[in-house]
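Going by the order they are written in, the chains are A, B, C, D, E and F; count residues from 1 in each one.
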Amino acid sequence: MPIVRVEMWTGRTEAQKKELARVITDAMVNIAHTTPEATIVVFEDIEKDNWAQAGKLSSDD
Amino acid sequence: MPIVRVEMWTGRTEAQKKELARVITDAMVNIAHTTPEATIVVFEDIEKDNWAQAGKLSSDD
Amino acid sequence: MPIVRVEMWTGRTEAQKKELARVITDAMVNIAHTTPEATIVVFEDIEKDNWAQAGKLSSDD
Amino acid sequence: MPIVRVEMWTGRTEAQKKELARVITDAMVNIAHTTPEATIVVFEDIEKDNWAQAGKLSSDD
Amino acid sequence: MPIVRVEMWTGRTEAQKKELARVITDAMVNIAHTTPEATIVVFEDIEKDNWAQAGKLSSDD
Amino acid sequence: MPIVRVEMWTGRTEAQKKELARVITDAMVNIAHTTPEATIVVFEDIEKDNWAQAGKLSSDD
């Protein structure tokens, strides 16, 4: 049942997402007692000029 | 007032989205008693390598 | 694979959500060619004082 | 602590996003009494053929 | 057309949300050149025990 | 920079969320090479009558 949504800056590789999906799903199964099949992980790549902190776009940092 | 957000793998055509928008809006109007004008549908196309189930990216299936 | 998220003001009954889940899932299956089992619908009830349009909380309308 | 997410049609320039990030962050700090550093603003550009109102894709308007 | 979603810890008053809705909508109109009527702001109050930073729930801070 | 959002049925304890926040943050740091301080995890508890799969509310299962 759980849906996990991961928003990160673009630049993470497919290998990193693969590993994140595996580790996060394991955590959901072991800690939240769900099944792997019921666990969905969705990644959203955000460009730095679409992300701001402290009022400034991260592309300006 | 309702906002409906549809996350699907990329690959759905504009014709399919057009039809989905029509049918989902009709459902909101008929069942939830809102107006068509107040109903917003947003589609998000997700790449298969940004989607994981059972700990595996869907691009690996 | 699709995840559909429906944000509406609180007040919709369980019967209405049941009917919406059924009709939206049918639409996803028939139009987007997915399976019922792969289709998740999540409802979020939003209080009117958490919703604004035209700069005014809907609880003030 | 606040996360602000802004979904708009594509077409807004980086200068507009920069200004929006600044003004929205100021509003969070002045009105909600948080700090600039704790305020994240994320922009999502939505294509008009991924956005529907009144049952019609905005790309058809 | 824009949808703005504001996630904050619970505790903000209705007066604060009212003011935020007004200021954010003004920003969208003046900077992103949309109309007030087309601008929706949704607030989500998050409990501190549903929010973590640096691996710790904010309710533990 | 990453924001992780976890939607689960209500019923998970604070201890489980604490452990999930810790493990997910560790994963983001080790695999995606961010810092703990930059990693935010938000939990959303969804009632079973707000969640549907295969066209049926989970409260009916």
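Operating definition for what follows: a residue touches a chain if its C-beta (ideal position, glycine included) is under 8 Å from a C-beta of that chain, and two chains touch if they have at least 3 such contacts.
These figures come from a predicted structure and were not determined experimentally.
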Nearest whole angstrom, what separates the Cα centre of chain D from the Cα centre of chain E?
11
Suppose each chain is reduced to the average of its Cα coordinates; what separation in Å results between chain A and chain D?
20
Rounded Å distance between chain A and chain C, as computed from the means of their C-alpha atoms
24
Multi-partner residues in chain E (2 or more other chains touched) are 3, 7, 40, 42, 51, 53
Among line, ring, star, complete and other, the chain touch graph is other
Touch relationships between chains, expressed as pairs
A-B, A-C, A-D, A-F, B-C, B-D, B-E, C-E, C-F, D-E, D-F, E-F
In their complex, what parts of chain C are in touch with chain F?
14, 17-18, 21-22, 25-26, 36-37, 39-45
Partner chain C, residues of chain B touching it in the complex:
1-9, 12, 16, 19-20, 23-24, 27-28, 31-32, 34, 51, 53, 58
Residues on chain B engaged by chain E in the complex (per definition of touch):
3, 40, 42
The answer for chain C against chain E in the complex is residues 7, 46, 49-57, 59-60
